[in-house]
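The structure appears right after this line, and notes come after that.
Residue numbering begins at 1 within each chain, and the chains themselves are lettered A, B, C and D in the order written.
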Amino acid sequence: MFSETIVIQAIVNGIVIGSLYLLMAIGFTVVFGLMRIVNFSHAEFYMLGAFICFVGIAYFRLPFILVVLATFLIALAFGSLVELSILKRMRGDELSGMIATIGIGMILQSVALIIFGPDPLAVPSIAKGIIRIGGAVLPKARIYAGVFSIGVLVTMYFFFHHTRHGRALRAVVQDREAAQIQGINVSVYYPIGFGLGVGLASLAGALMAPIFSVYPTVGFGPMVKSFIVVIVGGLGSIPGAAIAAMILGISESLSGTFLKSSYAEMFLFLFVIGLLVLRPQGLLGEKS
Amino acid sequence: MNFKKTIVALSLLGLGSLAYAADETLDVGVIATISGAGAGWGQAIQHGVELAAKEVNEAGGLEVDGKKYKINVITYDDKYQAGEAVTAVNRLVHQDKVKFIIGPVGSAAAVAIKPVTEKNEVIMSTMAFSEKILNENSPFTFRANVTTVEFAQPQIDWIVKKYGIKKIGSFFPNDETGLQVSKDVEKAYGNAGVELVGKEFYERDRVDFVPMLTRLMGLDVDAIELNINAPSSAGLIVKQARDLGFEGLFIRTGGPSTQEIVNVAGEDASEGILVHTLIDPDLATTQAYMQKHKENYTQAMNGFSPSFYDTARMIFEAIKQANTVDDTKAVVAKLENIKDFDGAAGKISWTGQDTYGINHQISTPFYVAEVVDGQEVIRARCTVETGCQDG
Amino acid sequence: MLEIVNISKNFGGLAALSDISLSVAKGETVGIIGPNGAGKTTAFNIVTGTLPPSAGKVFFNKKDITGLKPSRIVKLGLARTFQNASLYPDCSVHENIFRGTLWKLKRNMFLNLMPPAGEYSSRLDSAHQLVADIMETLELESYRDVLANELPYGIQKKVGVAIGLATSPEILLMDEPAAGLNSKESREFGRLINRIKAHYGLTVLLVEHHIALVREISSKIIVISQGKVIATGTPEQVLNDARVIESYLGGGGWHAEG
Amino acid sequence: MKKNMVIPAALVLVALVYYVSAGNVFYAHMLIMAAINTVLVSGLSLVARTGRLSFGHSAFAAISAYVCAILTTQYGVSWVLAALCGLAATTVVAYLLGSVIVKLRGVYFVLVTFAFAEFTRLALLEFPETTGGASGLAEIPPLGIGGFVIEGVDRWLVFSVLFCIVLTLLMSRFFKTTSGKEYLSVNDNPDLAESSGISVSSVQLASFVIGGAITGFGGILMSSYIEFVSPESFNLHLSITLVTMLVIGGVNSSWGPLIGALFLTPLPEILRGAQEYQHLFYGIVLVLILMIRPQGLVSIFSGLSSSVGALKKEKKSA
């Protein structure tokens, strides 16, 4: 008796969640493509974005768009600073870089715990009420966030394909050595790239803060999911990540609606392990 | 906006009262969830016990066997994880040599540490809802608050009669407590002639409830049962359900934490929720306790706090009557026989002989209240024996 | 001893090697030369097992070793050296060379916790003797305890060869041994190769870009260009062959200095 | 042995004296936990010394701990037999997973082990009838070999400290033998090792399986000592703590796990009042160690990064 409105509702919700994972995944891909490291502090930058949004709206009563923009810029600057001060020394050694991001993650999380305490805090809702599309009920706040994140994705696409720095950064992400040969000064792009990568994660955190509550470990779930999106989509391939993010978002929403949700998550990991083993380069990643 | 004071300040407060004249100290252990999901209930235990201790110390200490004891509360955070609770109870029993422990919050933690407290004859008074806690071969274990086994049936009968509910959906955390409570709640609604349709179990740290809510609304339930979900999860469920346009009734049979739910869901979304509560604001003794709580702590007082204040005072009373701080067998004998103790939450005695085979389940009055503009308004007064009447 | 039969290799459309066949007899010193990108290194990697061929077979002492892992091929007696003389950076020269003998010192890891005994200890002694002999032959005793990353480049190349020798091969494949050496050093390197060939009764196969070294020590030269063998023969025959000169002049720089 | 024996041995003695002299039951508890952590980290260290970083070792500790706990609590099997079955289960799982992922490049190996650990934790949550689900398994009988039962703090203290010291000595001895040198060669320069007759994949598989078994036994020790086990005790936090202890302790030497565990285990208890300061300290020390001695402490990983690097070389030269 599940009418198609339920299915539509689940799919739309899946797309909104998928866009969140995609923002995180692109951020992760930029950092991985540039520095060949798995950024374990990605979750904490998502949390950073969520808390900046919380302070911006709950404290200073700023309009949502302004807060989201401010979050991105703060995170971009902070990310670049972190790269220059800490990760710069480890550019050659990917493993130390990876473990350093674990340390950075721990520091950010404990600072947040000390300042904001462990309990969830609610961000005043940015949009009340619902939108009805042919019987399907879609919470306005989520659509708002979904539309906004898709807007960001489009700007990112424009930045990567039609601006000088964007194309250079994309070249570096795709193949660091080839970019160097073409005379792109890679070392300039390290801080910007890391800043942009974690900036996108903070952006996702800020967009989703009004929908979910905000607490120091809020970023862990989305980080794990963005890892899966990047693996399934193929490390370093942004179009692959886009497809994988939507598949994951929708399947998670559908399985949450129709299946016992915790099974879905367990099988998801099994699927990822299987995929990694059979097709390490992922769906669209090139066989390097 | 009240940022939480850091935990360090709180535990220092507990040690702060060193300067009193009493010559001996009696250590009392508290294992509670101070951080993570369920932190509100953990602080209810910690604050209730600390206030009871402060009261005794200000009166010159607990007089036992000719000596005056100053009560020192040692608190450990179990982060709602059984493993952490076990480490904490090992430290309390072996290092701090404590004979009385109050807490923990979660059933998983309580089940895990009970073997240690029973083996070392340490009295434990927990909040955990699991039925595995109380039985005849756990003489040193008590429960300091009523559970769904006690209050579910009377409350649900009253609500079903008053609001005429036909179909109800429900959410449960996927752990020991959730499993246990889902059985009690389903039985109670069955007896009241209501069909419990969607039974949703979810992982503790889940934040997106829209998919599950979509399914429940597809079964067009006219009410959603929140029972003992952690306050943050319950708040999210209410908020996201209202976002999806759900106009039905929310019922929370269990775990008083209205303030936290309102914080997360917002005042208008949580308008009209029917909650179980242990506090009647008009009761003089409860008002006195709420005032004392406001003087000492910035956080909002949680509904469980009075029962743990009373539990601590009953234990101190039993120690005085048994005239010993070490012979816990004697203290248990005295504690079991306390009747009509006038606590902050009203008249208190023990029950549980028929359901658990041991009379270690506290029986305090409880109420059904409706959330109006973010505040609880009493709608019915109930006790285990007499059921609920319009109040 | 070593035969390559109809080997082809393409990388997504680009035919790096097409239908190459060549053979190396016991005791020979064969040099494979060709302009940059002719496919020399691809052939080298196929023979040493680092890269599987798209088609064709590789035989060693009549045994088909196509597609075997390098570690399996070495045990059959076919060792290789690296172009950039890759070593164990933080270990001494002696340790570097000794690690070449490890595959012959296999012993159950738990049993190995016990001090060496019986047959294993004799294998251990002969390994140590081999290492001492190699260091003497290549005049490396004075560098015995120097860490590999502190060695001058020329010496690093020698240690690279020493490690190859330590695996007691029958044939030694050398990937651009003269790379990074000036003409005096490369002549010295040529004499070194002849000395170790004689001392250990080795067969040598060089893949080289510099004609000078190859012309001096090779008994046979094979020229590869655009993935095909265009000439085989003694140094004199090959180096005066019109097609070879044209492909080199046309295809890449002619390094006939010295 | 790069670092000679004197310094690590001295450090360990100083720590031992500090713990035991305090003579207090609680410090003995911390020393036992430090010893058990040493065993857990040693398993990880064995894998790290062939150039691989695994985030899945918490899963191996979980598998052997749960198999042992289930067999003892629900089937009344003797502790020794149950422990052996636990170890066997972990070894089989480590072999199956290892043989499949050993050929994966550096970063994918890390991601697969990460996904495997999460999968194991969720699987333990999903089947409450056997694993007790989120509430875990309580009342696990104590460690008993034949009649002799290891219970109570003092017996545990002697057994665990002795075990971890012996394990560390064996590991340090192992890396002086020819088999140990194969591990070091694979890590220092995998291409050269492969071309000298050392099969990189079988060495890395062996270290993954044996490392998994050692960490698995550590899991059994932990569950037998705490007499309780739940999925949360083996979550990602444990994996990260083990990696942190390994790196700060010093990945280069067989004494790394012991030193890392001894100095980092007491932290959560000392800062019991304010948990978040512990993580702050962990994070800062970890970052500083990596910044000040990126090569020193982590050079053992050059094998890993060069295996990723090697791939690029191969691509270029073809």
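We take it that contacts are C-beta pairs under 8 Å (C-beta built on N, C-alpha and C of every residue); 3 or more make two chains touch, one makes a residue touch a chain.
Since the model is a prediction, treat every value here as computed from it, not as a measurement.
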Chains touching both subunit A and subunit D: B
Chain whose Cα mean lies nearest the overall Cα mean: D
Identity of the chain that, by mean CA position, is farthest from subunit A: C
Chain pair with more C-beta contacts, C-D versus B-D: C-D
Averaged-CA centre spacing for the pair subunit C and subunit B, given as whole angstrom: 76
Distance between the centres, which are taken as Cα means, of subunit D and subunit C, whole angstrom: 40
Approximate Å spacing (C-alpha centroids) for the pair subunit A, subunit C: 48
Subunit A, residues touching no fewer than two other chains: 113-114, 220, 262, 265
Junction residues of subunit B, two or more chains touched: 6, 35, 174, 203
Contacts with 2+ other chains: residues of subunit D: 125, 275, 302
Interchain contacts, given as pairs of chains that touch: A-B, A-D, B-D, C-D
Parts of subunit D lying in touch with subunit A, wherever the complex brings them together: 53, 100-101, 104-108, 110-112, 114-116, 118-119, 122-123, 125-126, 236, 240, 243-244, 247, 275-280, 282-287, 290-291, 294-295, 298, 301-302, 304-305, 308, 311-312, 315-316
In the complex, subunit D residues that touch subunit B: 24-26, 29, 125, 128, 133-136, 138-139, 153, 226-230, 232-233, 269, 272-275
Touching residues on subunit A, where the partner in the complex is subunit D: 32, 36-38, 40, 86, 89-90, 92-96, 98-100, 102-107, 109-111, 113-114, 177, 220, 224, 227-228, 231, 235, 262-263, 265-266, 269-270, 272-273, 276-277, 280, 288
Subunit D residues within the subunit C interface of the complex: 2, 170, 173-174, 177-182, 184-185, 188-189, 191-201, 206, 210, 299, 302, 314, 317-318
Residues on subunit A engaged by subunit B in the complex (per definition of touch): 1-3, 6, 9-10, 13, 17, 58-59, 113-122, 124-125, 130, 137, 139-142, 211-213, 215, 217-218, 220-221, 252-258, 260-262, 265
